[in-house]
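Got a structure here, written out as structure tokens. Questions coming.
Here the chain labels run A, B, C and D in written order, and each chain numbers its own residues starting at 1.
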Amino acid sequence: MAMTGVLRPGHAQVRVLELEKAVTFYRDVLGLVETGRDDQGRVYFKCWDERDHNSYILRESDQAGLDFFGFKVLDEATLDQLEKDLNEYGIKTRRLPAGDLLETGERVRFTLPSGHDIELYATKTAVGNGIPAINPGPWCADSERGIAPVRLDHTLLYGPNIAEVKKIFVDVLGFYLVERVLGEDGDSEAAIWLSCSHKVHDIAIAEYPEPGKLHHCSFLMESWERVLRAGDIMSMNEVPVDIGPTRHGVTRGCTIYAWDPSGNRFETFMGGYQPYPDYEPLTWTFDNFGQGLDYPQRKLHETFLTVVS
Amino acid sequence: MAMTGVLRPGHAQVRVLELEKAVTFYRDVLGLVETGRDDQGRVYFKCWDERDHNSYILRESDQAGLDFFGFKVLDEATLDQLEKDLNEYGIKTRRLPAGDLLETGERVRFTLPSGHDIELYATKTAVGNGIPAINPGPWCADSERGIAPVRLDHTLLYGPNIAEVKKIFVDVLGFYLVERVLGEDGDSEAAIWLSCSHKVHDIAIAEYPEPGKLHHCSFLMESWERVLRAGDIMSMNEVPVDIGPTRHGVTRGCTIYAWDPSGNRFETFMGGYQPYPDYEPLTWTFDNFGQGLDYPQRKLHETFLTVVS
Amino acid sequence: MAMTGVLRPGHAQVRVLELEKAVTFYRDVLGLVETGRDDQGRVYFKCWDERDHNSYILRESDQAGLDFFGFKVLDEATLDQLEKDLNEYGIKTRRLPAGDLLETGERVRFTLPSGHDIELYATKTAVGNGIPAINPGPWCADSERGIAPVRLDHTLLYGPNIAEVKKIFVDVLGFYLVERVLGEDGDSEAAIWLSCSHKVHDIAIAEYPEPGKLHHCSFLMESWERVLRAGDIMSMNEVPVDIGPTRHGVTRGCTIYAWDPSGNRFETFMGGYQPYPDYEPLTWTFDNFGQGLDYPQRKLHETFLTVVS
Amino acid sequence: MAMTGVLRPGHAQVRVLELEKAVTFYRDVLGLVETGRDDQGRVYFKCWDERDHNSYILRESDQAGLDFFGFKVLDEATLDQLEKDLNEYGIKTRRLPAGDLLETGERVRFTLPSGHDIELYATKTAVGNGIPAINPGPWCADSERGIAPVRLDHTLLYGPNIAEVKKIFVDVLGFYLVERVLGEDGDSEAAIWLSCSHKVHDIAIAEYPEPGKLHHCSFLMESWERVLRAGDIMSMNEVPVDIGPTRHGVTRGCTIYAWDPSGNRFETFMGGYQPYPDYEPLTWTFDNFGQGLDYPQRKLHETFLTVVS
């Protein structure tokens, strides 16, 4: 197949401080579709245009942050092969049983040198996007309930050892480097944007001393006008906005960063271009990352560098 | 790799009746970037945001239409393997030498049961998109010269035996079915939309008695507002418009169809959604293809069914 | 005052064949806000962002069409003066009592030489747009219920004697000519667009043998993306679309024309430019009105010329 | 006439520190059309879609700021009447001769209690917008040269005594109050938005101890997408951006504020709604002006309050 191996970001499990407050936020303000709750008390959501059962799972905890980020792979044989490849590369994996996450098959979990838990899985029940598969319309009522992103697009993680992380994604999992920001030395990479598809990023990682930190999960919007609407809804609901609306220089994407009630940053994102694995990566110099972050303002917002969960 | 095998539509060679008139049109009205001419008199273009040397080639002829449509594959090893796979499947291929198309490596050509020549190739010189690879801006002057699509997006071909064509793309080349229109019998497929990526189509084919016909080559626009601007420029230049601006039900994409001075239809296209190979294909019934073609008008424009080159 | 005299289109009373079917359409599909019903059985609507009690009134009848179109004037003194001016010009007027239309003051009605009843009024109860007057947000829930235009923008009337109609609007009511289409003789005006503000039109009139005909009432949308969404909703609800989405050459505005269940055409419109009374009117020649109507397609749709209610 | 008295903002004369640097900026970056230079060395510009000879005039000086802001009135009789009205109200005026500003008739100048010089004039040569008056297209090449606003939209002035200023605009010049921000006392007005049309503002004034200060001149953009493009061009040209892209709560308009090379703030603005003189003004409370200024971020940017020229 042409699209094979790792297909796409499939799910993120995020820790929230007060579950019901978080549920209200993600359901009514961000406008995700609640699809289930499990006996651990976790609450499952999907974006309206996603077809699999869940993509964003909330777990109550006394500390915000990311439990794990999962990628869907093509099929079970691919899952087995990638697990084997990871093991051969020297990365320990463990299997989580089917059903541990609702409507989700076995997952292969491993820990990145940056301290993040990543999962691969091949199976998640297709529940559809609320539009019939016969003569489908372009959208449905859920597409205008709250901010209503179309899908979980990517995540940005903060942690140490990103050079090693990059090797795992590129050499073992078949991702490729799309863009990067150089460190102050002009040589090392301070942040990298990686794709397993022709999106500008399926995952991004920035060098950071503390391991396992979540910078943001990103949700895809359909237009710049929908990003504006997202900002309106944030304001109407007193959601604390970090940056935006603006355009990133990196990826060309347009964005608003904001925080959920527990302090997990999320992004409403649109745009960018379509890279392919034969493309030369684009590079942002250390001194110019302000333009890479906030293209019109050319400003390296302090919070972007320091606030994580 | 996750993106492997066939990557993307890479080039189309199109026949035009009067070369210089066509060059003027594609350069000044559609706003492609002219990148070269060869000793056969062919003129080479790329869209501004494409990085390879060429994607659209004009050849003067007394009859409009498509000479061939080419896909870029990941690398030369992939090219060899796919050629072998095609041959094993029973499809004859022939190699065209590197350099036969400017700045392009060896191509593997074969003829579909629909009468169309398809090519695979792994190598084409990267010339960039006019934006530096270090601290790149989001666009450049060429992005506003004429209609200025960002890339060659897909083609729609008309010819016989599309069930067999589908097998070749799906079973040999790793494409998957994204959407389809059923025939009047409610069972056969009258038209199919196939992807080798997570685009709503990299190629589409409709059943048609005459072999080898071009319905349109499609060029990607960045927004619905840019589609409107495309329509303005068409009008200012007296380009004959076929359909649009409108939204397709099929793919959700937004479109204008128009004809080049030789009668080759082209499309300025944007939008759609992001399918993946694990998605259930969407189906349009025969009686409802009007809505599939022109969503607001629910109208099966006669020209769509009958005018090809 | 700088804005004085006639302020804006204020209300249209339209005849529909089946009242409840029409109410369902205008409320749930076009997304108007129902504000009342009177003892004559008329149903009153406003657009969500209008602040006066009503702007679109349905009356059940066995024949579709327009009963009257009303303009709000600055105040009662202005109403008296304009009535006097009309009478002095030789136009008979009659007063309709306050309360005859719900929440509306006295109206001055007169008949144009084109056979249309026009009204002026100074008073209609302000009910607000659903957004508080203190710290107002940019929109509210009603702005996404159905097509949800922001206001009644203008009307286009078909009837005879438009040269005389023009004089009344320009010489008595203070409108000015913004654009015009010339007749086949290259001298007479076949259609005129008139403004009492800096909108591209508050009313338009086309020469037509049959008196008193409604071509369309037009509803204002906020963006080209909202016009696309309007088309989607029309399709989802099987609303018969006449023309569009497209751009008019005349006024530069973007449009979809469609019909209500009784056969009254309506328009979802956006854009245009801001003319002022010191501007030279723009002229479309008879042979080029196709481009004036449908800019991308340069097509004089037959229905535009012949289908009225 | 319905549009009478004061029609619209007609011109601003702005002081710049280095004339040629400023000319380069306004012509090539903001994308105004240079229309002339006079024997005082002043350089004249218009926005591409304006039809009068000039709307923005640069004068070299050792201090940035606004010399005067002018409004076009309907005709010379209106000019005479308004001058008389001003004088009767107790405001001294003086006449500047026709031709003092290129292609501009006599101007009536007076000084506001806020220390700003305001002008009224009735005559300025119509030079057109570069589009023919017969069968005009919707835009022309100048509409994509630089940021390319369509017109000078409004100004925001900072100075003392705005309660008195308001009276002059409302009681003498026929403007009306559209929105206002209350002072800390909850009663006084800290800033007011005034319209002589159905724009959300033709002029705005904020209470400020120092007289005669310019907060910004505002230029109208056609869409939110064009505001994004404006931000891109600012970044490409290292224009210092103050705030945005974002939406104002006040007026609902969308904006970027930035500074010209001399430190004069300007705005690229779009949107808002259509108020009329019969509308109740909208009020923003002192504590909530952050949301009024930057709706998504609900942030009272310090520079907005303190940086003027």
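Here is the rule we use: contacts are C-beta pairs under 8 Å (C-beta built on N, C-alpha and C of every residue); 3 or more make two chains touch, one makes a residue touch a chain.
Please read these numbers as outputs of a predicted model, since none were measured by experiment.
Novice: Hey, what chains does chain C share as contacts with chain D?
Specialist: A, B
Novice: If I list every residue number at the interface of chain A and chain B, are over half of them used by both copies, so same, or under half, so different?
Specialist: The interface of chain A with chain B is built from mostly shared positions.
Novice: Tell me the rotation angle, 0 to 180 degrees, that brings the C-alpha atoms of chain B onto chain C, to the nearest 5.
Specialist: 180
Novice: Given the two chain pairs A-D and A-C, which is bridged by the higher number of C-beta pairs in contact?
Specialist: A-D
Novice: Using mean C-alpha positions as chain centres, tell me how far chain A is from chain D in Å, no decimals.
Specialist: Inter-chain centre distance comes to 43 Å.
Novice: Let me have the rounded angstrom distance from the C-alpha centre of chain A over to the C-alpha centre of chain B, please.
Specialist: 31
Novice: Please tell me the distance, in whole Å, between the geometric centres of chain A and chain C computed from their C-alpha atoms.
Specialist: 47
Novice: Among the residues of chain C, which ones contact at least 2 other chains?
Specialist: Touching at least two other chains: 137-139, 223-225, 232, 235, 247, 249, 291, 295.
Novice: Which bits of chain B are touching chain C when the two form their complex?
Specialist: Contacts found on chain B: 224-225, 228, 231-232, 234-235, 238, 241, 244-247, 249, 254, 256, 291, 295-298.
Novice: Inside the complex, what are the residues of chain D that reach chain C?
Specialist: 1-8, 49, 51, 72, 74, 126, 133-139, 150-151, 173-176, 195-199, 222-224, 247, 249, 252, 271, 273-274, 276-285, 288, 291-292, 295
Novice: In the complex of these two chains, what residues of chain B are touching chain D?
Specialist: 137-139, 144, 223, 225, 232, 235-236
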